[in-house]
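As written, the chain order gives the labels A, B, C, D and E, with residue 1 at the start of each chain.
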Amino acid sequence: ADIAIIGGKSDDAFFAKIAKGITDATLVVEAHGGTVNYLQLQTYDNIGGDAANLVRTAMSQNVDIIAVPNWVPDTQDEAIKAAMNAGIAVILYNAGGGEKAAELGAINYIGNEEYPAGFAGGKYFAEHGAKHVICVNTVPGSGNIEDRCRGLADGMAEAGVTAEQLPLPASSFGDPTAVAEAIKATLLGDDTIDGVFAISSADADSAYTAMQQAGKLDSVQLGSFDMNVAGLERIRDSEQLFAIDQQPWLQGFLAVTLADGYVNYGLAMATSPLLTGPGIVDLTNIDATLAGGEQGYR
Amino acid sequence: MTNLSIGNLLRRPEAGAFLGMLAVILFFLVFGGVNFLKPAGIASWLNVAANIGIIAIPVGLLMIAGELDISIGSMIPAGSMIVAILSGHYELPMWISILAVLGFGAIIGTINGLLVVRTAVPSLIVTLGTLFAVAGMVLGLSVLITGTTSVAIKAPALYKAIFGQFIGGTYQVLILWWVAVSVVSVFYVHYTKYGNWIFALGGDRESARNAGIPTTRVTITLFILSACSASFVGMCQAILFNSAQVSAGMSYIFNVIISVVVGGVVLTGGFGSVVGIVFGTITFAVVNQGIYFTGFDRNWSSLIIGVMLLAAVLMNNTFRHMALNYAPKKK
Amino acid sequence: MTTPVLELRSVDKSFGPIDVLHKISLKVRAGEVLCLLGDNGAGKSTLIKTLAGVHKPTRGQILMDGKEVSFDRPRDAQDMGIATVHQFGGTFPLMSIGRSFFVGAEPTKGWGPFKIYDRKKANEIAVKAVQDFGITRVDDGDRLIGGLSGGERQSLAIARAVHFGARVLILDEPTAALGVKQAAHVLRIVKEAQRRGLAVIFITHQVMHAMAVGDHFAVLIRGAVAADFVKGQKSREEITDLMAGGETMADLEAQISSDLATADGHPSPATL
Amino acid sequence: MTNLSIGNLLRRPEAGAFLGMLAVILFFLVFGGVNFLKPAGIASWLNVAANIGIIAIPVGLLMIAGELDISIGSMIPAGSMIVAILSGHYELPMWISILAVLGFGAIIGTINGLLVVRTAVPSLIVTLGTLFAVAGMVLGLSVLITGTTSVAIKAPALYKAIFGQFIGGTYQVLILWWVAVSVVSVFYVHYTKYGNWIFALGGDRESARNAGIPTTRVTITLFILSACSASFVGMCQAILFNSAQVSAGMSYIFNVIISVVVGGVVLTGGFGSVVGIVFGTITFAVVNQGIYFTGFDRNWSSLIIGVMLLAAVLMNNTFRHMALNYAPKKK
Amino acid sequence: MTTPVLELRSVDKSFGPIDVLHKISLKVRAGEVLCLLGDNGAGKSTLIKTLAGVHKPTRGQILMDGKEVSFDRPRDAQDMGIATVHQFGGTFPLMSIGRSFFVGAEPTKGWGPFKIYDRKKANEIAVKAVQDFGITRVDDGDRLIGGLSGGERQSLAIARAVHFGARVLILDEPTAALGVKQAAHVLRIVKEAQRRGLAVIFITHQVMHAMAVGDHFAVLIRGAVAADFVKGQKSREEITDLMAGGETMADLEAQISSDLATADGHPSPATL
């Protein structure tokens, strides 16, 4: 099968793991005489529109099936429908959700969902005694991050405690020191804060430094979306409470192999959606995760 | 005295940009296969080019006049958000939103222009200030008004047909707008006196003023055009994609400036052409999108983009050099 | 007949703390060439920039035809028929000869929004005007200014002012970069303009050029009018002394020549 | 003849930047309270300033010399990744990594410099090409070598103490590096002939060359310094945060250029000072971080940053204008 | 004694398709002033740029003291003692007078890596050199060049070359922007340099200046040496004609004056 799969920026640590899954799955596809074309966004400035454009680019390459995250459904649905009308099958992964897949007529949905993932984080925080969490948003204005923070707030609210957003200006994005100092200043300015939630593994590194600086390692707990080795080591050392895991490698691997099976042999999963998360990585399962993390799979 | 000699052609500012464009198209034809030039493949880079191109032309003219405008980076989401909030959230008629979008562009353009003209603060810094200020305003107001940072909008069919639709299911209607903007600009820049004023402004502002050119008026007009073009593109994106997000389009700033400079405009002003900017935009879009048609490992795509851009500009530059040194050969 | 075309009444000009012009009063009449003389830094360029609308006077009045005027921008002065060649600049290296010549006053054809710049006409007029200066090398109006020699550019700027100067022509050291032939041509042009009834203000450091065309001389020393006289009232030596800032100067040539005569030991160069 | 007159002080290029800095500090003192100037508060902007400042000085010198370098945006992750891969992944001794980091900076700087000098392609475009190319290379190689895009590194205590530690638990050791770089630069730029060469280069490249300045050598050296400073900062970040990411620091490009220009360096070259750049960097860091000490709604922070930056530059500019027009008063 | 300091042997220079210099052969000896004359665009500046190491000749040889040399950069020429004042540029608007004067050859004090730029000394020397030109307004070496008048800047550039010119001094239209006093001073400096045994190449469009200091004259017409003679071999009228590109020119002043005499109708200006 000729498969097109659309994904996030190539230097995005999270998508690098998805890409690894895709690469591994490509071996299978090629063994079956097919091809895989991975089309990546180059920026996240106009994520929905750019993804829609990539769907059309994939259409122009006469592929059999397209796997795409539905980040901004309002924006992308039109392109996805156009692909289906042109006789190209579609599989949603990473973002969008099972309902959306059913609505559009996509084969399946593989991945987790931002809002429930955030929600799970909120609940976990609340269960571990956090009463006032900040959700550090380094990309204010981007819909999927807003969803994470909203989910977090709602998950905490269910337990009667609060979370709020800390939006950072664009000039801080990618500057770990600026992110750390912003969090530190906020922690110093408000003693009621007892939890920090970072939206990416790199921001978690900064957040940890901020807590250390503010002298609040004991009074503030850290949680994050996604993880890197430094983060996993913190969890192992009990310096970070948890990380929300979406198992990106599985998302990429399954999206491609399922697409291949569907086109070549009409195979399809009976389960829909196929949820790869949210899983919580904490002290209970850290060792296995760490081993996978060091090889770039977790 | 033959006006069509090779020399005369090479002397044109767009000659280098044209050759650079040909070179990258050839490159991707060889490595990406013929899909790349089939109608659907063309759409994949033409759509991208149109979005950049509409902004690149006024920004390029500003650069020819010796100024930079980076506030476009937040004018795009501003345009999206204005139309989404007014017509999506408040459900006002579309024409009001359109007027508001262009009006906001005119206001910010005027502020940029006035600050640049009156204070002698470099335009990079002035527009950087408005870049942040507008981004902050859009974010703050969206959260205040709608409570979120991403608003849905369903434009009526008529407006969708004019501003945001796919022609034949593949080509954005924005391409037609781009063609229109290009044609009008070519006319005004290369065939009327106003174009002459822009070049003079960039060549030597003091002398241009001494020559009687209303430098203040020209500068402000150009800033208004560039701010309006950015908010217009933002509006069309919101209509096309049925939703608007506030996150600032920093990458647009880079992409537009790259397109303009690859198109042969001199960064310090005084030299360039509209057609060159169009070629530069296409070159950039082709380099950016062509990679999807090739089999190269995606992890190396940035490397290829960087090298291709450098190669295109080097080629371009060689020709500009020849152009500047060229004079009809004496027998 | 006797109302001056342009008159300055005790004009002062300061740049921040620096006072450059003090109480300048001057008149120039139609058909008259006013030579503005003075040492480097005396304030000549500043004075004519004030007349051309580039600077606004700090104090004092400018009158045209006896009526007070105020130039907010160079355009205002131009619209009243004052054309100026400034000491520096005035051409655009990356523009074509034709476009540079007509910059700010482009010839157009067509109508309404479709008025287009008449490139052919502009190039023809520009090339002809420059060739009239004896610069026959320039025959293509599309060539870029950047490739011209200093003198060629200067001739272009003067040709431009002459073409547009309706009532007053102001030339700030127009002959400085010019060759003998071109300088002679400029002097002839100045006289032609005078004959056509224009008022001309001419700045030069060359006594000979000044004496050849001037009807009326004004000497600036340290920003003030130190002398104001008509042709014939002062000798060449006196003028030279005034131009040198009021210092007594022995006659230049005489001095140098005598230096040369008394200098010994320099080898008599062999012919090649 | 008094050398310490107010006029002489105002004439200094850094006077405006200093006043701009005072103004923003005052603003945040009023709206943010005194916490902002307590040790922990100072650290919050000083740490940010140090990271930007080490890069801002060589980039500022390049700007004084009339060139731009935006490849720093990918040199930072390159520096991080090199140290993380060599010492984290391959567990080589730290000193080898450090040499490799600086060596890589030297190579990219040389390439930038040679391309700029030899081809007359504007430096913005050349360094844009290397920006993309280095980003692509770092990503491609990291994935190839380590299989991931984020590598952990634990530096030995000695190296952590020198490159990446918090002094007194709050101040990054990078601040000391920044002070050192500033002092050395002030000395070389303002008290030796090399500084003179840089200013001449930016004033008029042609005349500088005619005056016998080895323009090629100076330009290349400056490009090497800026590339090395960026990879050095990247390395220190990796050591400090114990982990390295490949994602490019595009915002650094903006932040560094803003700091330099707010510090009074003329964008087109020929004017500026090292102390001014330092003040400009502090101004930017204060504006960026000060907001967290105030009660303003965070959603509006960009708006405040934009307005503050404009205000600081306007103040700066007023003074530069006075400086250029200043001359000792005659009695 | 008779080996020329600097010699050109059939040097050609083209810019792409444009041939600017054809087979130029010239010599200049120590203690000799070579006046390079010629119309605008004749190629004088291009010729001296070739000597100063700015351009490389397309063909032909440059010899110093009879030995062939090749200048890859202006620095090479400077290191061999050739100091040049180019027609344009040479000063840096945003630099101080002292720094601009010594740019590329800064005086230092201290040792090793701590050699510091000697600002005081640089300012003193620069201000003195400029004041020697009669420009007494300039008394502060820290002032920026941007605030100086055109003539003040030109004087600064010449003062610089004179200060650094060890063996050959090349001046491209040095007197063009200068006042009478300053021009006289430049001529005196040229003679002084000659007396000290320097070889001087002097470009000017003013016959009087050329005749005042020149020992030896070379006239370029359209890029070729049209005449090469020593002082006294040709009359002023002949030289003027040659400078005008070989065209027969009536004596400039005479012609203009007679024009003036025959012109009627221009009002006799009233004294103010």
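Here is the rule we go by: a residue touches a chain if its C-beta (ideal position, glycine included) is under 8 Å from a C-beta of that chain, and two chains touch if they have at least 3 such contacts.
These numbers were taken from a predicted model, which means no experiment stands behind them.
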| Along the shortest chain of touching chains, how many steps lie between subunit A and subunit D? | 1
| Taking each chain's C-alpha mean as its centre, the one farthest from subunit D | C
| note | Outermost chain relative to subunit B, judged by CA means, is E
| When the centre of a chain is set as the mean of its C-alpha atoms, what distance in Å lies between subunit A and subunit E? | 71
| remark: Taking each chain's mean CA coordinate, subunit B and subunit E are separated, in whole Å, by 47
| task | With chain centres taken as the means of their Cα atoms, state the distance from subunit A to subunit B in Å. | result | 32
| Of all the residues in subunit C, which ones touch at least 2 other chains? | 18, 147
| For subunit B, residues that touch 2 or more chains besides their own | 132, 135-136, 139, 250-251, 266, 299, 301-302, 325, 327
| field | Where subunit A touches two or more other chains at once, by residue number | value | 10-11, 19, 140, 167, 169-171
| query | For the complex, which residues does subunit D have touching subunit B? | reply | 115, 119-122, 124-126, 128-137, 139-140, 143-144, 250-251, 254, 257-258, 261-262, 266-268, 297, 299-307, 309-310, 313-314, 317, 321
| task | Flag every residue of subunit B that touches subunit C in the complex, lowest number first. | result | 8, 11, 187, 191-193, 195-197, 199-200, 203-204, 206-214, 266, 270-271, 324-325, 327-328
| said: For the complex, give me every residue of subunit E touching subunit C. | reply: 1-2, 18, 25-27, 29-32, 38-42, 45, 87-88, 134-135, 137, 147-152, 154-155, 173, 176-184, 187-188, 191, 194-195, 205-208, 211-213, 215-216, 228-230, 240, 243-245, 247, 249, 252-253, 255-257, 259-260, 263, 265-272
| task | Using the touch rule from the top, collect the residues of subunit A that touch subunit B in their complex. | result | 10-11, 19, 37-40, 42-49, 52-54, 56-57, 59-62, 72, 74-76, 78, 82, 139-143, 146, 167, 169-171
| request: Using the touch rule from the top, collect the residues of subunit B that touch subunit A in their complex. | output: 35, 38-41, 43-44, 47-48, 77, 132, 135-136, 139, 142, 148-150, 152, 166, 169-170, 237, 240-243, 245-252, 288-289, 292-293, 298-299, 301-302
